[in-house]
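To keep things simple, chains are lettered A, B, C and D as they appear, and every chain counts its residues starting from 1.
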Amino acid sequence: MLIVMKPEASAADIENVIRSVEALGYSGHTLEGSERTVIGVTGNKGSIDPAHFENLSGVADTVRVTQPYRLATSDPGDKYAVPVGNSFIGGGHFAMIAGPCALEDREQVFRTAKTVAESGAKFFRGGAFKPRTSPYAFQGLGIDGLKMLADVREEFDLNIITEALDEHGIDAVVEYGDCVQIGARNMQNFSLLRYAGQCGKPVLLKRGLSATLDELLLAAEYILSEGNPNVIFCERGIRTFASHARNTLDLSIVPAVQRMSHLPIIVDPSHGTGKNYMVPALSRAAVAVGADGLIIEVHPCPEDAMCDGAQALRPEQFLILSTEIERIRNTVSSPAAESADASR
Amino acid sequence: MLIVMKPEASAADIENVIRSVEALGYSGHTLEGSERTVIGVTGNKGSIDPAHFENLSGVADTVRVTQPYRLATSDPGDKYAVPVGNSFIGGGHFAMIAGPCALEDREQVFRTAKTVAESGAKFFRGGAFKPRTSPYAFQGLGIDGLKMLADVREEFDLNIITEALDEHGIDAVVEYGDCVQIGARNMQNFSLLRYAGQCGKPVLLKRGLSATLDELLLAAEYILSEGNPNVIFCERGIRTFASHARNTLDLSIVPAVQRMSHLPIIVDPSHGTGKNYMVPALSRAAVAVGADGLIIEVHPCPEDAMCDGAQALRPEQFLILSTEIERIRNTVSSPAAESADASR
Amino acid sequence: MLIVMKPEASAADIENVIRSVEALGYSGHTLEGSERTVIGVTGNKGSIDPAHFENLSGVADTVRVTQPYRLATSDPGDKYAVPVGNSFIGGGHFAMIAGPCALEDREQVFRTAKTVAESGAKFFRGGAFKPRTSPYAFQGLGIDGLKMLADVREEFDLNIITEALDEHGIDAVVEYGDCVQIGARNMQNFSLLRYAGQCGKPVLLKRGLSATLDELLLAAEYILSEGNPNVIFCERGIRTFASHARNTLDLSIVPAVQRMSHLPIIVDPSHGTGKNYMVPALSRAAVAVGADGLIIEVHPCPEDAMCDGAQALRPEQFLILSTEIERIRNTVSSPAAESADASR
Amino acid sequence: MLIVMKPEASAADIENVIRSVEALGYSGHTLEGSERTVIGVTGNKGSIDPAHFENLSGVADTVRVTQPYRLATSDPGDKYAVPVGNSFIGGGHFAMIAGPCALEDREQVFRTAKTVAESGAKFFRGGAFKPRTSPYAFQGLGIDGLKMLADVREEFDLNIITEALDEHGIDAVVEYGDCVQIGARNMQNFSLLRYAGQCGKPVLLKRGLSATLDELLLAAEYILSEGNPNVIFCERGIRTFASHARNTLDLSIVPAVQRMSHLPIIVDPSHGTGKNYMVPALSRAAVAVGADGLIIEVHPCPEDAMCDGAQALRPEQFLILSTEIERIRNTVSSPAAESADASR
């Protein structure tokens, strides 16, 4: 940590700060600038709370120079393939995950799963427990939905990714599915993250609507520090002033995460835009930016969907998109393509 | 709901939309404009999911004209006093709630409680379960902290408000405290909201960092619809691009909530700014805007605080602020003051 | 326009609103819902200011159903190729625009231009008038810089795009360059937009840091309504809470503009991210999303750049990126690729 | 400036950075931390562009420790009273500025001015040149409006504050008015700021919709550095995701500006909320937070206003509000009130 003093700080102020640093068992080193003094703190093992110094007389600001996460960023150069069911996400394995937003009934689920399997995708998504803004909206089929998902896995050899909203939900997803999804609204539900860290299944962690990169990495740290190394990040749009889409899909977080972490990051253009006319274009963009996968909503009849129909693709649209995605992937992953990136 | 057609929508498109409306059991009424047609939907009891119509041919947009919340906004004119311990918040009862961010040890807790009681405040806050961004940061004293709070209540006759992060935490707060706080990061943890709705104690519901007014009201609806009428809203700053404060305190939500709901809304200028030099100024503003209370962090020695020291007031600052707040309150609540408000 | 009445509005309120509508020369039509009445306004030619009605007794809200722009959205289906110098942007002509952020000296300009020409790009960018946040920062070479640009055009057959900050600047760019750039900070400098509408050269209009889609289209409307049909939109990142990139590049505005307007839209990943390690990835994404072009900063020696060096590519990086972009373009523009888009 | 190296930076990387620092004529000082090295740069007079170092091998980040503004923040302790016409704003002079958004006709202007004068306010506002999002909206009365304002000054002894959109507008306002307003959309129109710095009249500088504190101070710096010391800041709401008000009024910028600058800052609750029912509440809050003045829209008949009627107060509302404001001011400015502020 660096402690930046005000230009008008006195010698006594500086001495006092150094005494406070030493009282915590660290060392303080002064660096005299033309206008002000900066005090470097060394000797600490973890991060130091800036509150110890911010209110001392003469202190202008503190600057953190080491990052508070460790496990999520241990070795960004060695990309990790997260095992999910009988396949992998990341480490060179591109994942196409598709299915309806909410599970509604057996026919809808199986018709969609058939399309997903046909496309060559290896992962099926579908919500049995739905986090709805209103308590009066459809809340999902619950365990009955999870049983349908288990049947889908059996019949179509698709790996199942589905959301849990609480500890009981995680237990149920562990029983019936292959990967636990933690939704954007629960990204900082720290109790749930710890429980997910102990559940024994991989976790798909969606970025919160107003989460910074640091907060996303630290949410993963809650899961990793409980002994579960299998975390997949997911960008799903952030909340901004812009209203032409439901959220603003922030694709720049993909190279940012890849620069810092060995863990994979996928993109959800369906929630990220909320408009089905945008989904193909943003899916292509997500692949071109280098995402490790896509999670896309597909519904046999979007206008009858019980949830988020405005963003679902029809089966035929999804099949065409899948072949486009494949074509762009081949282009992007060729050796020459990579070499323009300054720092990857 | 209104369904706005595109200018180029055909008569067949319009007929098709009306058929879809009728298939759901509602009535559709066309309104011919100079450039386009609008279809009004009537006959529905609750809200209709716009996804039913948004993808139909010729549809430009849908407009919701009834709101999806009921209990939170049933009678905004008749302000409700939420009973908390041996006192009230709202309905004319202004609440000053103060205490440390995190409970650290008995001495810190009791020294702070003494100041709070001296000031005339009736509510004590202090976190035993802390939602920390990093898993490596201090997580709170847990049950030991709650026991200290119970002792504070005994000794100083202060009512206790403290945060719960999960169901176990709610059970514990119900046992030792007077009011369960749901933090900003859990505002859309819908399982936790339902549980809080069944807990039998009043709930202080903090606005999420990127929550809209609608989402805040609907989060309360989860608690209210479980049979708990005692919800207090709390504005604590939203996440914006601005960086001179830790969050942007949005005081305009106070009159907005008061216009729609009978439930009280208080303001947290400590988290709302994250800078102790701003806390007195924004506290004054919150009272002047008409908030039903304040929740303020006080620490006997902010520079030694284990959490958020940069935003805590010293005891002597807090005592001076309390008298200022009282003076402004007397000014604002005089009859003439109210009459300038156009619509309250 | 629709005027939505409150549930408790009286018959007299409704009559009064209709009288106000008729007083303005329009017609009002009531639509009775189960909970409230909506009044449709017809007979108007342009848009109506909602302020006429919002404060009338019983009015809950007003809803605009016709859009206030006309020229920018006249025929979105018939894409327009904007002529710029001896080439085109849009209407199927993909534009690669590259060069340094600021013109510094003849050697820097010509070395960069040589690289740009080698890559096959047809457009050269470089700032002679720089909008700097601080008055003490380098403000650009002015007319001397424009003369260098004119020489670049002569020697390398590149078309010149450069920014103007005021009317004098537009006059100068018209004399020496091929396309006037209006920067993000001037997107709502309405006097400048009108002047640009009269200048006789095409205009590259950058989206403001907090501009909505509507505001962007209406800024173009200022230029178009002065008789200049040649406007090119440019997404260059918006201001959000996220800090891992300098701005948040909002690629979803590309399909949104293309759905509404015949005018082209290009993307600036250099300003849009502010980090050169992100530029190749986001450039690929911008092409995959369907942008009509890219504007990229290239500098022979980014670490010596007088302005924004942290986002410039080295010449060799730019040449590799150009071939990648070409490859993705070929993939995306194939007929099958288009057909997945729901509504284009 | 501090240059923070990556943990894995080599000794050669560090030497190379120091060489680059010295090549610019400065000195570099290394500070060895437990995990990484930081290099302090000294010997510079003004600010250094971080781009010189950000791309060097081994560099993780740069941290600016001196601020790039000088004149706006020269002596925050000595508050400056800006002379405006025959009165002052700031330095203990609280300013109430009121009037219609747009000047419409002589009767509207004079009726409003009469109310403003009656209230005891000393400043009249009213737009003759209107920055409208759409080119088809009412653009203002122009010079005819300014002449009405001059007549208002004559008849009611009110000082005139009115907006200019371009250099011609500034010339006209200088001729007829007392203070030039630069609107939010022109806050970074640097050519206009320089011209305003030479105009000889005080300047009311409104914060841009997405302007940071730094950008606001630097915009003032453009005016100040041209020799005009008379700048008044104005908070008028920022653009966020929240939609219950038209903008989010950020009152925390008032203590932030006052901590750094000797210049006054006032608040515009009319544009800051866009809803007249919120204006009285947020006006009270702005006074309580310590603003040096208010600028409020008043219209004899808001429902007939040609611009922004939804946010204007009726004359009778304004008169009541004026007395409330006076009462709160008396409370806040008493000596005891000030003493709770930690750092003012």
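What to note about this one:
Note that a contact is a pair of C-beta atoms (placed from the backbone, for glycine too) under 8 Å apart; a residue touches a chain by one contact, two chains touch by 3 or more.
Just so you know, these numbers come straight off a predicted model, no measurement behind them.
Summarising the inter-chain layout, the chain whose CA centre lies farthest from the centre of subunit B is C. Looking at A-C and A-D side by side, the one with more C-beta contacts is A-C. Spacing of subunit A relative to subunit C, judged by their CA centroids, is 30 angstrom.
Centre-to-centre spacing of subunit A and subunit D amounts to 38 Å, using the average Cα coordinate of each chain.
Each of residues 210, 239-241, 276, 342 in subunit D touches at least two other chains. Taken together, the subunit B residues at the contact with subunit A in this complex read 20, 46-47, 49-56, 68-69, 131-137, 165-167, 169, 185-186, 188-192, 194, 209-210, 214-215, 218, 221-222, 225, 239, 276, 302-310. Listed in rising order, the residues of subunit D touching subunit A in the complex are 2, 4, 29, 31-36, 38, 40, 42-45, 61, 63, 65-66, 239-241, 342.
Those residues of subunit A that touch subunit C in the complex are listed here as 210, 212-213, 238, 240-245, 248-256, 259, 272-273, 276-282, 284-290, 313-314, 317, 320-321, 323-324, 327-328, 331-332, 334, 336-337, 339-344.
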